[in-house]
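Supplied in structure tokens, the structure appears directly below.
Chain lettering (A, B and C) follows the sequence in which the chains are written, and residue indices restart at 1 in each chain.
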């Protein structure tokens, strides 16, 4: 789709600098700039490419506007404006409405005529699918699932029975929503399965990454709030609650009944123990393990940074000998006393 | 399914307190109790909801029986009894026997008439499927797989060729069993694939979570014992052996040829190095890394708990300066000697 | 397939010791050796089984040749020779060429007649598939994907639109290639999706494990070099570059725009932070977190080994009290000065 810089400014609330009539039909990087495409400067690391860019236009903030050799969109938050512009320019055709003849659809489903059901999907009984929904190839939708308007399942997604998805969600391939929680009762050494009778409720504008899994609740539901963004390879256990607009990076594991607040950020590889609460706005850095409730928003960590192994091994060896610190503290105190007595002339 | 409290007591070995004729047709929580449903008290955290519960009945132990305002099932292990009761009440209809016409099934498979093959499954040559098996939509079953009675594959499960599954297993969506192990020989800097010629043998009553993967053996088989429970997002490498009734939580990675004992518990995010053994009954806590054999049962750890990042960063900075401990120990000893000499009158 | 030991020697560059006419039609372990099968000795741990092996022949190095009780193939690198021999003996029939009638294939695809498209696959518009390619059951190939000669997708693999795969790749079930990167712009607390407009380019001879995910680039492509081997459950974020012949073990997470060199090895559970570079030939040990660029090849670590929890808890408690080290250092210095003055006769 092609728009003028003026159009883009009007639709995104940015200001034009230079020729508002220049036509833009795509995006590019600063260093690989091309006429007719628009780039952006958000990370100062890339400022060095600005002066020589061949982009048709650049999105940047007022502080860098003077350095821009081509027409520009001036915005207080260039990355947000870029996200809006790239979305406007996105030429991806929406999926054609209708049900592909190879899909297997139960008779009593309520599928809006303006929804698209791709090839080789299975839609079980009682499913409700709103207008604008696009179910890509190979998806399996269990009975009594409800999917809100304009939500898209890319391909090979599995929604187990009874799961509810809000509007405008985007679910990537391999994601599994509504699998049984890991509920086990130990009966004299053997594990007895505890039926998982809750479901999963997912709000609006939620994105769920490739091969991420979200278990259904044991009795009550697992709940993912509006605007939550989950990356790939994440495990969300039964009865977890994730508050609105929280973002969770790849490879995170969240144990059962943990309650994550709104507007949190969990970095890659974080683990969260079950049955705890994390305050709104909390940030947890990479590969940390949250073992108890976080009641105050802030940044939390327990990850360790790699270093040359010989250095690391020495640290680990010293860690194991930290006990001697107790002994040294005692000896130090003894020395202090003895010397004090000596200096006081008592010895 | 509706049963009287008396029926439930008889079938689970519990004792009735109060009206044995009350009818129960579902389960509920204590705090969201409803007539006709049964709840349970296992975690003391929920005791506060007992006095005011509106549940039709409650499962609890004798010590709390006097506090129960409604009819009760008395059991020494209320959670186990709850698991049994919830299973009895489970109204899920079994999958209808027969092969869905959209499934692609090789001519020479032996599929019991009392098994159910869902829509859009692929069943390759030589597969044997026992009575009561339910293969959900979109599953792929490679050639020469054998599946024991009453095992269920929920949906979009992949079993590679030759894999053997026992009876009463439950395999969740996205699970992959029998993919090639990561066998590579380094030929002057390039990796040569080592054919993975073993298979995977899985016992009875095994549960395997969503998006979990279990690789086939290199020469001999990967073996998962009876009653093993694997959560979601787990990686089991080639030739691993997992002993009976061991439970493994989400996001665990087990490297090649590791031999995990029976009745072990591995918490979320644990990593196990290859070619080692873990004793029966071992517990490993969250995000720990097992780097050598554990010969004695017990609880093992190396995970670190998150704290405010500024505190954590100071600890890390001090860790890197632990070397000075050696120096301090030397200086302390020197001081002790000097002072001793002084006190002895030698200086 | 059956070959004589002499044939195998000729085809792999090894030397025969003993009867070159013995026929070999499979492989076995030393301890479970069988006539007609060939084993190998690479790991000294298994040397104890050599003297009593019933294998038809053994691959080993010259140093152990004298101990071998049966015919042998002598090689400087027995494991590499074993990989070659096992590949030669592999009797797996190639997939039959042609498109299975249950597959849904867009009209304008260019699928070589010598390629095999399995049952219930979806091949979208504009896809190009080279000779010898085998697409297993249930795979979804998005529009405009290109797949090089002799590449195999085992089953239930998802390739999103525009992805390019080289020749002789092997992709295991559940792998997802080309899902959207986790690109988000924070607009006053809400996450705005940044369209992911790049793709994924994968070289020749790449292996990708079960349930591994590789995201497409934001603007430029995610790039996986020739000969790269990725194990299961790996997350590769957008715009990552992985150099040739690098091997990545299971459960590794690589964040956006990280650039991993050639011939690196990342062990299981490693995390790599985004926007950094790792030098060619770098090794990172298990569960370490790489937080900044590694400019010099070597071995890097930050993983911790599990120990009995009571020991570990004491170490953690001491870690939290490391602050006292600063105090002790000060007191030690004070003592040294005081004692020096005393010894100097100044006090």
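Simple rule for what comes next: a contact is a pair of C-beta atoms (placed from the backbone, for glycine too) under 8 Å apart; a residue touches a chain by one contact, two chains touch by 3 or more.
Treat the numbers as computed from the prediction; the structure is a model and nothing was measured.
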Interface residue overlap between copies chain B and chain C, same or different (over half shared): different
Copy-to-copy rotation for chain A and chain B - C-alpha atoms, rounded to a multiple of 5°: 120
Centre distance in Å when chain B and chain C are each reduced to the mean of their C-alpha atoms: 25
Shared interface positions of chain B, touching two or more other chains: 120, 138, 156, 174, 211, 233, 251, 304-305, 319, 325, 328, 332, 335, 339, 342
Chain C contact footprint on chain A (complex, rising order): 27-29, 32, 77, 79-80, 82-84, 86-87, 90, 100, 102, 118-120, 136-138, 154-156, 170, 172-174, 207, 209-211, 227, 229, 231-233, 245, 247, 249-251, 263, 268-269, 286-287, 303-309, 312-313, 316, 319-320, 322-323, 325, 328-329, 332, 335-336, 339, 342-343
Chain B partner contacts - residues on chain A that touch it in the complex: 104, 120, 122, 124, 138, 140, 142, 156, 158, 160, 174, 176, 179-180, 182-187, 189-195, 197, 211-213, 215, 219-220, 233-235, 237, 251, 253, 255, 271, 273, 284-285, 288-292, 294, 298-302, 304-305, 314-315, 318-319, 321, 324-325, 328, 331-332, 335, 338-339, 342, 347
